[in-house]
Amino acid sequence: MNASAIQSLLLLAAPGLPILAALALTITSWRGAVMRATPVAAVPALLLVVAGQSGASLHLPSLGQHAVLGLDAVGRIFLGFTSVLWLTSGWYARAYLAHDPNPVRFHLFFFLAMAGNFGLILASDVPTFYACFTLMGLASAGLVLHRGDAEAVRAGRVYLALAMLGEVLIFTGFVFLTVSGGTTQIAELHRGVFSQPALLLLLAGFGIKAGALSLHFWLPLAHPAAPVPASAVLSGAMLKAGLLGWIRFLPLGEAAMPLSGFTLISAGLGAAVLGTFVGVVQKNPKTVLAYSSISQMGIITTGIGIGALRPESWLDIQWAVLIYATHHALAKGALFLGIGPAHAAQTRLQVITARVGLLLPALALAGAPFTSGGLAKVAIKSNIAFLPGGWADVLGILLPLAAVGTALKMARFLWLTWPGHPHPAEEHAKGLWPPWLCLVGAVLVGAWLLPGALGSLPVKLTPAKLWLATWPLLVGGGLAMLGAWLRRWFSGDLTRWLPAGDLGVLLERPLARVQLRMSGRPVPDHADGHGGGSAEKDLRGAARLAAVGGRLARIEDSLRAWPVAGAALLLLIGVILWLLAQ
Amino acid sequence: MNLQSPILLGILLSSFVTGLVIFFLKEESHRLRTWLNLLGAGVKLVLVAVLLSGVYRGEPYNFAIEFLPGIPFALGADSNAVLFVTLSSVLWFCTTIYAVGYLEHTPHRSRFFGFFSLCVTATTGIALSANLVTFLTFYELLTLTTYPLIVHRGTREALRGGKIYLTYTLIGGAVLLLAVVWLHGLAGPVVFKERGVIQALVGTHRGELQVMFLLFILGLGVKAALVPLHGWLPKAMVAPAPVSALLHAVAVVKAGAFGIVRIVYDVYGVETAATLGVLQPLAVAAGITIVYGSVRALFQDELKKRLAYSTVSQVSYIVLGAAILGPVATIGGMVHLVHQGIMKITLFFCAGNYAETLGTHRVSEMNGVGRRMPLTTMAFTVAALGMIGVPPLAGYVSKWYLQKGAIQAGEEWVALVLGASSLLNAAYFLPILYRAWFNAPPEQWPAEHRVGTWETHWMLLLPPLVTAGLVIYAGVFAESSFSPLVWVKLIAAREYAP
Amino acid sequence: MTSRMPIGVLSLALLAALGWAVLSLPLRPAGLTAASLAKLPESGVTNPVTAVLLNYRGYDTLLEIGVLLLAIVAVWSLRRGEWPASHLHDRPLLMPLLRVVLPVLLLAAGYLLWIGAFAPGGAFQGGALLGGAIVLVMLGGLARRALAFERLLRAGLVLGVIVFAAVCAVTMLLTGGLLQFPAGTGGTWIMVIESAALVSIGLTLGLLYFGGRPNAHHA
Amino acid sequence: MILQIFDGLLLLVIVVLAWRSLNDRDVFRAVISFIALGLLIAVAWVRLRAPDVALAEAAVGSGLTGALILSALVRMRRRERAATATRGEAPT
Amino acid sequence: MPDADYRIYALAGMALFAIGFYSMLVQAHLLRRIMALNVMGSGVFLVYIALGAQTPGPIPDPVPHAMVLTGIVVSVCATGLALALVDRAQAAASEVEPGDDA
Amino acid sequence: MTSAWAMASLVLSPLVAAALTFAFPRLGRSLALGTAGVAGLAVVRLMRLVFAGGVQTHRVSGWGAPLGIELRADGLSVLMLIVTALIGVAIALYSQRYFVSEHDDEARHRERYFWPLFLFLWTALNALYLSADIFNLYVTLEMLGFAAVTLVALAGTHAALTAALRYVFVSLSASLFYLLGVGLVYGQCGTVDLPSLAAQARPGPALWVALALMTGGLVAKAALFPLHGWLPPAHANAPAPVSALLSALVVKAPFYILLRLWFEAFPALMTPAVAQVFGALGAAAILWGSVHALFQPRLKLVIAYSTVAQLGYLFLLFPLTAAQEGGFMAWSGGLMLLGAHACAKTAMFLTAGNILHAAGHDRIEDLDGITHILPVSVFAFGLAGMSLIGLDCPRAAGLPGNGCC
């Protein structure tokens, strides 16, 4: 088997194996084995990252509209952290779901979402990308809904609503894009004139997935609702699909897009700020992490915005964004997965391991020097200087502030999850440790493995630079302590004012009212069920019809009365006569 | 009469004769009836396959006898006809199996299957009609043969539904008749032809042609359930499930949509119609219907009603495709003719399965049906996702082409409509899926009874699975040489030939 | 009644239109007098009205006899008649009257039938007299006896139609034309038809008077 | 001239009788007017040189039709009386 | 008397027709309606015969005469039928007021 | 069989059969079937003759117009005859069993009189479509009206009798309007022969009034809006086969005469304005009938109102036809299509309705009855369907181009 055949096989297997696994789940006797081997499903993707050649592609002529799978540089990076995340999460899920009532259902959606995620990274043509994107989006709804309680249903509903909106926007955007671009091959797309509607639609559509500001509110609802391994991939891998969408489909590096750039930067910064403010008051660590993701994605969004403003330095910016994405994905994944072990820490060793294991990614996210976060921050910052207008100054001030916010949230998260006293834990919790520790290890090395990552570091590490990198961390930590101290005097529940899902919560009420009005009965608890309404309406409609019918029947009766009928006859004769005599 | 024409007649007669024979069967001889049904459906399927391959090879198929001077009764098999006749014969086969299973142990089966066969005869007649008068004849025949099916149960509700159906369709038929006669007077016998037959009249009879177009659309729009002519469709839901499946996916609604396609493409010719300026309003009407149907569907608790409104919405995709000038939109609309058929028939089969096996008729009663009837629910899921337009299922393909066609034609607002519709589709289908798969099943179903060794009778299970398979096939292998899409592309190419 | 006024106005307007039509007709309309007189010798009768009725427009009369039969069928289908069941001695005055009048009526009917060929008269007029006679007979208490022969009554009622139709068929066989009598035999055919018609017309008109089917037992 | 006056008078009476036969308050009188009308019309037929029609009118149009209507009226009255009898003092 | 003018008879016939129809409409009593029909019929016959009398020739046109004979027979049949129907309908619902046939 | 024989047997066989069924009530069913056979054969023969030889005329009594009466069969009349025959045959078959399930005296009485009345109706229709003489048309119209009214009353219910009463008054007064019109036409033209009227007609007040009177009468008989009031109760309360007869056949007859009058006898008087009036009334009828159909509580009333609408549809032909160069000729094809369509559709519709009607009623008592009835009904259904799609009667309507009018 030659190299290209192996390449093709891997390309096919990366999304194919998870799908096969999902199908295998339908066979009852295979289920146990399949679920034990969950992480294996992500292995071909990982192998592809390691062994695959960039530029290789696989045509599937009979599938869809000429599906093409391929691997390019950007895709390789995405696939890298994505596959690691899926692998460790899948591994983690084995233990995590040991006592879940519906493990099969979880795995089914897990596999499908995985397949979609890998597929969209490898997709070289628009339809395949869209198909995989949708597969991922819908399947992850299954993950969010998995627990099935009220919270999960609410989260699932909000998630699905926004996901579907995103699908529609993206679909429409894609159609515009392919019409104006004249092809469905992603690589050849931008030659044509880029259509403005496509730009807007894709910006918004992928923005939903990426949790961009004002489209983000599904995130803090979905993450806590989903089981931990699902949250990890949702936050680490699937959020990045939106980012990949922007990178793939916006004409970044080809044309300056002042308006889009402005929008993206504003939204990104806004998300960073909002995430901080709402995030720090949350009580559920997963919600805190979700808001942290909003903030972090906000910074990435800002990066994309910069790229939109400065097409000529897009390659640099792209690289920075990729580093940031990788770093965030791994670190956030590690934090999510860490929640389990932190709870389950039994022995002293375990407690210390858990503390270190949580601290490391937290520091990385906060952008401590020598971490992947520090690297990412430097990478982003290095591009600010070229920005036109006042953007450089604004970002110069705001980005460090965002870092402060991140530090604050990390402190809050650690506060909420800090592994404390050893306590007896269930047996299965043992299985949570290896995948988590692997992922923490990946956090440590991941971002540095990116091609050219090391070379991008500042040539000399001066104390000034070190200080520059560290002060937000320290300030954040200080603020956190201050907050904890203040908290003694203020016992109110801040989440009442800043509930998880902020904007979405504001929208829910009026939407419910609309629904109520339209269905003509009290709004049901959830999802749907517009029962009696239609019957009632039928009744009302019938009554109205009957009234109309009665009126018509009266006219009809009067027509039937002899004098009227006779007069009508005479009139008819008269009319005809008159017309004849004309 | 060439060698090919017997095939056309055979396709009609395979169900017509079956139907007539079944009428005379005793109620008890259900085995014989079942075999007759399957035989008829099978023969039709084989004949259609022969026809399909023949047309593919480019052989001409015509059959004509003069039954009024200058107005021949004519059958033909152009690519449009073949598309529709294939769809209806395949789906009929599935529906027959399903109906046999569904109606086991119910009274009046001879009557039912007799009219059932006649109904399909009318549908295939519509498909194979080569001129407007023949088309009209079968179109009316369809109305009359469907009515007994709708009122089959004989309940008050059924009679009411049937009444409303008749009222709507007979009036629609009358309007259509007017249009046909009018056009006949202007242009003589109208034989369907690609790119239309009325170009010569555009200069002299512009206004008349416009009014006629309106009449055509009003007449056909009743069956195609264009808003506000759709009122009968949800009311006709009282019919047994196979009938609903047939109504929505194969026969009535589809006949209306197919009629509009015929009028736009093969009578007026899409380019001529565009110069007459009648396409834009049609597209707007279709757009309104799409959104309206979806919104109404959102608030239906009764599963079949929800599906009915969904049909109202989805069928207008076809109309929309026809109303947008451009080959790509044509492809989208025409392929949706097939795709909507297989998706909707699957949904109705499944709805019927739930009703028949568990006694659940309402969405709110569907908690946990996925556990009790996984295969059925799987089929339902596939079809529902297809309806939403999830790739790579059938619905996605049609939506892609429609959207693309609309944008190419500069009708960007269509994108908005389709987007809204997709969202609404999701909003009314996804909760069902959630209930089905995620919620715990109730202690007791409203009226559960075990049928067969599978989750339900195999004759009820097989058809939705097959059609769900078709939904996947039509989407995933859309580019393969035996997909509806490829066929439709051929049609579009002919319609827009330089 | 409030609707009288507008109806009255409309009726007057109708009358005006009708008057206008009459006055605008040619003073001497063409008509078919000349034609019917010209063909009179070929018709077999000398009374032009009878010629029109049974020869020129004999087909009308065929249908008309049909209408008569239809009328009695219709009336019988609707209700049971009020057949006098009384005996003669219940009506002491009637019997003597019948004794005198009945033969006269029958004779007159026959006479009218016969004279119809040459002068005013014919099956209809004769039939009317016969009908009167039948009414008298029934009123005179013979109803019961007549009703015992209900089949005979029915046979008599349909006689006109059957004979007329038979004549049609025979003339078709003879001449190839419906009601086209062989040359010179018109009078005979007309007499055959009229005789049968007389019976049926008389019975029909007479039985119409009783407004319904016989009260008798079902056969 | 005399004939014309006769015609005029005859037709006047015919029209008046027609009106009476249809609009007289008393139905019985109306029926009598109707029979009389038939006879007068028979006279008109004679005047119009249509003796065949006159004969038929006298026998059928006036005689039989009148008798039919009269007997129907009698039946109707009888039924009304029976109905009133059973209903007691019901208004007619 | 070929040059006599009988159109006044036709006019009277028209009057009979109009009176008959008027009464048909305004009279509720069924017997009156039946008589009205007969009066209308007589009016029509008058028109026929009067027009027949107008034709040039030694005798009046016999064709309208024959038609009127036919008409008279038809109208007596119609009267018989209508009377039977009235009778039956009133017997079926003797509480229904005569004429109240709405 | 020559065309004379065919025409004669079309009129005579149902007439004789009617007389015989009256005389011998037990023969009703078999005589009706026999008549159906004869009439069917005759109509097929006539159709072929018309197809082969164009318009067939026959001079009754050998005189010919204007003195005598002529029978005439052209495309239009053959078409109407065929439709009549098809529905007649279907009804004859259907009614074989219709009265069987009822066992009381009342029902036996009804069947006993149904057959002669039905056969008279058939006679009247055949005679009407064969007639080329406007006075003869009056006689056939009266026969038709009598039979139809009595058939409605045959149901015997109070509602049916009331409806029949209304129907009889409408029918009779409408006939008188027609008859008066005929008199004026004769006075003006000196002939009542339909084909020769066109040549004789000199437009003037007399003809205008005559035409207006005849039209008014026929419109009332054809139940065109707003003179349709009598139709729904009559059709809805009649026995099932009678409803079918009325809807499918009876109301079409006056329409047929209207067509003959306006397009054949007095084409010169057919102005666009008149046509528009017909069209407007037709449109109103469609609307009115359809809307009312929607609100009716009973299926048969729905059917009745749909008939009202359908008749309105027929009248739409007037403006369509009049607007056309060449008038009637240009439209004959479409016209016949329309007529055939309307009749066949009504027939099928009613047969289908009757099947369900029977099923709906007999569910409890008599399930076997339905299976008995069903094949017959379906056969009728099939026949009508075949007439619609033309399998049964290729070129049924003959050569309207060179023959019809």
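Letters A, B, C, D, E and F mark the chains as written, and numbering starts fresh at 1 in each.
We adopt the following convention: contacts are C-beta pairs under 8 Å (C-beta built on N, C-alpha and C of every residue); 3 or more make two chains touch, one makes a residue touch a chain.
Here the structure is a predicted model, which is why all the values come from computation and not from measurement.
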Review point. From chain B, how many touching-chain steps at minimum until you land on chain D?
Key: 3
Practice item. Check every other chain and keep only those touching both chain A and chain E; list them. Key: C, F
Check your understanding: Measuring centre to centre, with centres taken as mean CA positions, what chain is farthest from chain D?
Key -> A
Exercise for review: Select, from A-C and B-F, the pair of chains that is joined by more C-beta pairs in contact.
Suggested key: B-F
Practice item. Return the chain label for which the distance between chain Cα mean and whole-protein Cα mean is smallest. Key: B
Point to revise | Gap in Å, rounded to a whole number, between the CA centres of chain E and chain C | key: 17
Point to revise | chain A and chain B: spacing of chain centres that average the CA atoms, whole Å | key: 38
Exercise for review: Mind checking the centre-to-centre distance between chain C and chain F? Centres are C-alpha means, answer in whole Å.
Suggested key: 27
Check your understanding: At what distance in angstrom does the C-alpha mean of chain D lie from that of chain A?
Key -> 98
Practice item. At least two other chains touched by the same residue of chain A: list those residues. Key: 560, 562-563, 566-567, 570, 573-574, 577
Practice item. Two or more other chains in contact with one residue: find those residues in chain D. Key: 52, 56, 60, 64, 68, 72, 75
Review point. Going by the touch rule set out above, which residues of chain E reach two or more other chains?
Key: 15, 17, 19, 21, 24-26, 43, 47, 51-52, 54, 59-60, 63-65, 67, 69-70, 72-74, 76-78, 80-81, 83, 85-88, 91
Review point. Okay, what are all the chain pairs that touch?
Key: A-B, A-C, A-E, A-F, B-F, C-D, C-E, C-F, D-E, E-F
Study note, to complete from the structure: Note: in the complex, chain A contacts chain C through residues 563-564, 566-567, 570-571, 573-574, 577
Exercise for review: In the complex, go through chain B and note every residue touching chain F.
Suggested key: 20, 23-24, 26-27, 65-71, 73, 107-108, 110-111, 114, 118, 125, 133-134, 136-138, 140-141, 144-145, 147-148, 151, 154, 159, 163-164, 166-167, 170-171, 173-174, 177-178, 181-182, 184-185
Revision key, fill the gap. Seen from chain F, its contact residues with chain B in the complex are 286, 290, 293-294, 296, 299, 302, 306, 309-310, 313, 316-317, 320, 324, 330-331, 333-334, 336-338, 340-341, 345, 348-349, 352, 355-356, 359-360, 363, 367, 370-371, 374-375, 378, 382, 385, 388-391, 393-397, 399-401
Practice item. Flag every residue of chain A that touches chain F in the complex, lowest number first. Key: 545-546, 548-549, 552-553, 556, 559-560, 562, 565, 568-570, 572-577, 579-582
Point to revise | Complex interface listing, chain D residues touching chain C | key: 51-52, 54-56, 59-60, 63-64, 67-68, 71-72, 75
